[in-house]
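Each chain carries a letter (A, B, C, D and E) given by its place in the written order, and its residues are counted from 1.
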Amino acid sequence: ADTIKLGVAGAHSGDLASYGLPTVNAAKVVVEKINAAGGINGKQVELLIQDDQCKPEQATNVATKLVSDGANVVLGHICSGATKAALPIYTEAKLIAMSPSATNPMLTQSGDYPTFFRTIASDDMQARLGVDFAIEKLGAKKIAVLHDKGDYGKGYAEFARKFIEEGGKAEVVMFEGVTPGAPDYSAVVQKIRRFKADTVIYGGYHPEASKIISQMRKKRIKANFVSDDGVKDDTFIKVAGKNAEGVYASGPIDVSNLPMYKEAIAAHVKMFGSEPGAFYPAAYAATVAMLTAIERADSTDYEAVTAKLRSEFVDTPVGKIKFNEKGDAEGVGFSMYQVQNGKYIELK
Amino acid sequence: MDWDFFIELGLGGLTRGSIYALIAIGYTMVYGIIELINFAHGEIYMLGAFTGLIVAGVMGIYGFPAVAILLMAIVIAVLYCAAYGYTMEKVAYKPLRGAARLSPLISAIGMSLFLQNYIILAQTSDFLPFPALIPDFEFMEPIAHIFGSTDLVIVVASASSMAALTLFIKFTKLGKAMRATAQNRKMAMLLGINADKIISTTFIIGSSLAALGGVLISTHSGQLNFMIGFIAGVKAFTAAVLGGIGSIPGAMLGGLFLGLAESYAAGYISSDYEDVFAFSLLVIFLIFRPSGILGKAPVEKV
Amino acid sequence: MSTVLNVNALSKSFGGLRALNDVDLKVDSGEIVALIGPNGAGKTTFFNCITGIYEPTDGDVLFTPLGKTERRVNGMKPNSVTELGMARTFQNIRLFKNMTVLENVMVARHCRTKAGILDALLRPPHVKREEKENIEKSYELLKYVGLNQHYNDLACNLPYGDQRRLEIARAMATEPSLLLLDEPAAGMNPQETASLKQLVLDIRDRFNLAILLIEHDMSMVMSLSERIYVMEYGCLISQGTPEEIRKDPQVIKAYLGEESHA
Amino acid sequence: MQGLKQSIITSLWFMFLTFPIMVVRVNTIENTIEWRWMNLAYVGVGIFILSYVWRWALARKEAKQYETVSTDKPKKQLWISRAMEEPAVARPALAVAFAVSAILPLLVSTYQTNIFISFLLYIILGLGLNIIVGVAGLLFLGHAAFYAIGAYSYALLNHYFGIGFWVALPLGGLFACLGGILLAFPVLRLRGDYLAIVTLGFGEIIRLVLENWSTLTGGPSGISNIDRPGLFGMDLSVADANIYIYYIVLGLAIVTIISVQRLKNSRIGRALQALREDEIACQAMGIDRVTVKLMAFGLGTAWAGLAGVIFAAKTTFINPASFTFMESAIILSIVVLGGMGSNLGVILGSAFLVLMPEYLRAFSEYRMIIFASAMVLMMVFRPQGLIAPKGRKYHIDDPDLVKEGDA
Amino acid sequence: MLKINGINTFYGNIHALHDVSLHIDEGEIVTLIGANGAGKSTTLMSICGGTPPRTGEITFEGKPIHQMKMDQIVHLGISQVPEGRLIFPDLTVMENLELGAFLRNDKDAIKRDMEYAFHLFPILEERQKQTGGTLSGGEQQMLAISRALMARPRLLLLDEPSLGLAPIIIQQIFEIIQKVNASGTTVFLVEQNANQALKIAHRGYVMETGHITMEDNAATLLANEDVKKAYLGL
């Protein structure tokens, strides 16, 4: 082929579009830059953008379409569920799929999906970090574990509960899901008070998190709030305002000083006139990782590209990474952050 | 029994219920007049929130005080949503008068999808923060930990809209014309009532209330995105039916009932199942009262 | 002569309103009986109570289908009552508007046919036969009431008078022993009323059934019925032959008016 | 001249209407405002042109009504439904349609096969719902729940007990059917929109239970690695499995079409229609309302269950996200858009609503907005659906019958 | 006062009125009789714009009204008691009457007219707080007539006012029609009860399957053999 075809699959409409569209933007930004510089080994990169609305059935349609259209690698999918539906198709077609956001541990740990890679850490890693931090650093004794009933949030929360119970040093006083989009969470918040939880561990994304923390603070509940990288997002601080102060969230080790990170953000602002949304850096990283591997292999052959992905480090906005046998990125380290004076500060 | 907890949950349910009610009133009015489940009503609410946000954003940059922003946001959102409601009726529903019952319903579903995607394309699919525009009242401070100023404003706005509209419908000439049109459009026209105008008016009023809800509720929850209308719409629809669809006080009661039920279910059982509980309650309730709280059983003379 | 319908002390209340108050009524086989009375007297309510659409508050409704034993039908579901052999028409025409004329009649033969879901899917020979017979019998009835030309038209496209005829054909399709007609002549002109009268008489003779009739058209009531019951405010105020009723001062005052009628 | 003025006013109105949303974009995080004045111009020009098209189309719709009247011909139908009434056209057309669908997967890519599987699945779903909504006239907004019951029946049976596709298929249909009957009991007394909300609620309850009962259903993470249907123990590649599934679903779709057609023209079918037309008269004709309603729900949901099993086998992974209210709404739209009560209508409706978004993929981000507009426009300009429902015609040989043109 | 000139009206593809022409002069009672489905109700609805004629014209006091909308036509002083009464079932008797006067603003006169209606039908006064749907058939018919009168129409269109009523009430209704006419309202009456209608009318038209087939003085029609046979059942 005279072009390299990069499939981009994920939710581009429907209720989860806000997680999928930044990925499309990331691909556009990277590809524009590469094409402007003459392409990869002389070949231009072409985007095949396909919307799956995070629904499994659409994901299989998208996956077969990408395979039929001759995609060389796929950036996506966005949701773990859709990814799980699509992967058998990629596996058979020997097509690399790299997700910036699908965090379900089974995707890599089950060994079922050899063509799958991701530039984000899986849920259990973060839960480990969050729980250890809460118990050891914050001295939590009574922990309320909340989640947003979603794949990601509930997965994280379930791991958190498991780790707390295994550790035996603290007690899970409450384990519940909140309904995303509900107008308020006062009942759950009142319950936190009632169970006298000293720490809340929340799995999910920032919109619900900011609603919960705001209502907690409004109702004068002072418990610590520990969460995941769905919350480690500047939007969270803006939305929750002063209530965000003191919130802990785990996230990839601070990369905002990396030149490549800054460059990626600037390119987005330049191209789209706005700040990028969630998972943009990870999507940018995935795109760069895949295209670089193709360049290094000087081929789009599955075996060759996979070998490069697994063996050689590549510079991305989320750091210098390479992938292990299972497909998880090495080098995407996590650390704990706290909101201090309206900023996430990395706690060393 | 832990009375504090019980009361706290009750107050939380009150706010939540008032939120549902505010949207449900518009729902029920539109339903009342043309028997259309206007699935796009929730999207009007969402547009109201976005319009409010835009006004707040612009004014915020120029440093207006919060209360001025709030009032202005409400006024402009109401104005625009009235215009949207009016236009929507003209474009998507009016050409369908006289068609089978379900056709406008599908048109409404299409309209709802359209408006969601309109916002995605013209604005964003991300969550945006909505500024807190309602000041913390001094006198609410003692109970602010269980019932804040925003809660108060929402409950009051909802209850007074309900009261005002009920009186309007019951006693004014326009209100009577509305009821007449709702019951028999042809006869209303035979009495010289311009049914098209009445229907437009109903859409305008319903949409205005949705806009008011959009601004107030967004400032309460502090955020919005293009999907808020969908969830609110389903709940408001549920509330409207629970209360007896077509009845304005019914919508209020239905909303409160639903809000309280959800709150207590989340408090005493688990919020995992709060919606399951809400819907189960709806089903059970309707089994015993098939026309909702205030709905009249249709008297069908055989 | 055997009694088909025997109603004892039938009462029905709607909240506070006592729409029927201790009504006794009897219809013998082969008889045409009329039920008259001012608007809102409770005539239609009476029909609704004996056909199971309303449950009577009090009293007995005893029904003896042709060649069967007497049954108490209070509180029975309307479909069971119809199955036993009581059929009715409605004051406000209630046809299946978006079904064809023939289908309207075929539906009414529901309780006289058997095919179930599996039969519908597999269509074994006996079901095909049943279906064919159903079409034939329904068509016969249409021909009988003079609607066969329109058998493939939608019911809602029929003129008003024809709709009333179709209602009668549909009721007849349930193979009743007692036919209840609720204002069959409403909205018909005298000419049409006369031909309807003929049809009713003919039905009685041909199918050998009893007919109970509600009607405000006195020319029809007086010339058709053998006996007349008069109701007012839910109570029977009079009963007798047409001659007796015509002269009853109470009936004249409550219902007929001073001017003498047909 | 009049039109020009109207178009200018309309276009100004829409410029006003879309002004805040289209022109202003505030970023409350960065506190910046972006003014996109060009959009206003686009809206103005676009609406100006569209308003001409709109008026022309509305006028045409009206003119069409007149036209058919003056010629006194039966109401004009879509060419396709007229053609299908002509046996001389219908028979060969059906044969061709069958032949094409039989060899289709051999001609097109896996992707195309895949979306044709979806298309056929939605035909089955639509036909099932059509029994409830179109034939029996019960507004039902929870069809996706029964689709879910079918899908989860297979997924769970397969996951926990290793039960194969062919055993699960009838079981899935059966469970959905029982679920439908279970739902029908409480809603027997409800009418119209009260029924609608309860079915919507029921649908949501099922979805939420699937989502929350993690220990059984895997919750939001769903169930993966569901077996594809087995073919004499052969190991099929994805592409071959897809072709195999295509034939299964094609077969089932044909069975569904025939069954629903037969059902509609049977004693039970007529009873269902009578129920739709007038409940009280229906009872007075000796039809047991309860039994018939239960039948309507059971018959409609059973098909959804069957479709669900195939769906699970096709995607090999399911989670509750596939069974939201929007899914029910789309299935309902298929029925209404196609023309309620008509089987051909369901097929066309599902072609419209399932294939269109797939083929609109080329428009990427505009895909859904085009889809939504099309939905509204379809209803505005063809409110009775693609195939307007009409009563079944019988042929009776009666020498007395005067032959008129259209008696 | 009202002139109908060669109108053709359709329901979808059913041609209901064929070249119907008729006229009504000020102060008259004109009746239209005909079999079921002849098109009488359609004629009334065509006048009011409920089923606008596709061709032909209708003028009211010289003004063409066939292209106006229903509510505009009503504005001109035409009021109808439609087939099936169309009472607003959930509104009280009072509210039903008030809506009859929807286009008027003279509060005192409205009040007087309402009293007049109660005078005509005392039973309505007793039931004034009751909702329309709970009235019996006859009461509903009285309400429908009163409601139409509340508009103070100059032309009153009545569609089968005696349908489904007890004989004693039918007499009353015809008396009232005459009273109303005497007080200056022009009346166009559609009736199955042709005998009674022709007795109180000045002129009459006969309609058959969408065509006007006869037109004459009421007394002449009443004596006409064909009419007698076809519509009077004599």
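Just so it is clear, contacts are C-beta pairs under 8 Å (C-beta built on N, C-alpha and C of every residue); 3 or more make two chains touch, one makes a residue touch a chain.
All figures in this text were calculated on a predicted structure; none of them were measured in a lab.
Visitor: Which is the least count of steps on a path of touching chains running from chain C to chain E?
Guide: 1
Visitor: By mean C-alpha position, what chain is farthest away from chain B?
Guide: The chain farthest from chain B, judged by C-alpha centres, is C.
Visitor: Farthest chain from chain D, comparing Cα centres?
Guide: So the chain farthest away from chain D turns out to be E.
Visitor: What is the identifier of the chain with the smallest separation between its Cα mean and the overall Cα mean?
Guide: Chain nearest the overall C-alpha centroid, as shown: D.
Visitor: Counting only C-beta pairs in contact, which pair of chains has the most of them?
Guide: B-D
Visitor: How many angstrom between the C-alpha centroids of chain C and chain B?
Guide: Measuring from centre to centre gives 48 Å for this pair.
Visitor: So the centre of each chain is just the mean of its C-alpha atoms; given that, what is the distance between chain A and chain E in Å?
Guide: Each chain reduced to its C-alpha mean, chain A and chain E end up 73 Å apart.
Visitor: Distance-wise, how many Å sit between the C-alpha centres of chain B and chain D, to the nearest whole number?
Guide: Once rounded, the distance between the two centres reads 29 Å.
Visitor: With centres defined as the mean C-alpha position, give me the chain A-chain B separation in Å.
Guide: Averaging C-alpha atoms per chain gives centres 35 Å apart.
Visitor: For chain D, what residues touch not just one other chain but two or more?
Guide: If we look for residues of chain D contacting two or more partner chains, we find 25, 27-29, 212, 280, 365, 368.
Visitor: Name the residues of chain B that each touch 2 or more other chains.
Guide: 117, 120, 124, 129, 272, 275, 301-302 - these are the residues of chain B that touch more than one other chain.
Visitor: Looking at the complex, which residues from chain E come into contact with chain B?
Guide: Residue list for chain E touching chain B: 48, 50, 69-71, 74-75, 79-80, 82, 86, 88-91, 95, 98-100, 102-103, 133-134, 147, 151.
Visitor: Which positions of chain B touch chain A when the two form their complex?
Guide: My answer: residues 2, 5, 8-9, 11-13, 15-16, 19-20, 117, 120, 124-127, 129, 132, 144-146, 148, 217, 220-223, 225-228, 230-232, 262-264, 266-267, 270-272, 274-275.
Visitor: Under the touch definition given earlier, write down the residues of chain D that touch chain A in their complex.
Guide: Listed in rising order, the residues of chain D that touch chain A are 25, 27-30, 34, 109-115, 118, 211-212, 214, 219-222, 224-225, 237-239, 242, 311, 314-319, 321-322, 326, 358, 361, 364-365, 367-368.
Visitor: Provide the residue numbers of chain D that touch chain C in the complex, in ascending order.
Guide: 259, 262-263, 266-271, 273-274, 277-278, 280-289, 295, 299, 389-394, 396, 398, 400-402, 404, 407
Visitor: Note which residues of chain C are touching chain D in the complex, please.
Guide: These residues of chain C touch chain D: 51-53, 77-80, 82-83, 87-88, 90, 94-100, 102-103, 106-108, 110-117, 119-121, 123, 130-131, 134-135, 139, 143, 148-154, 170, 174.
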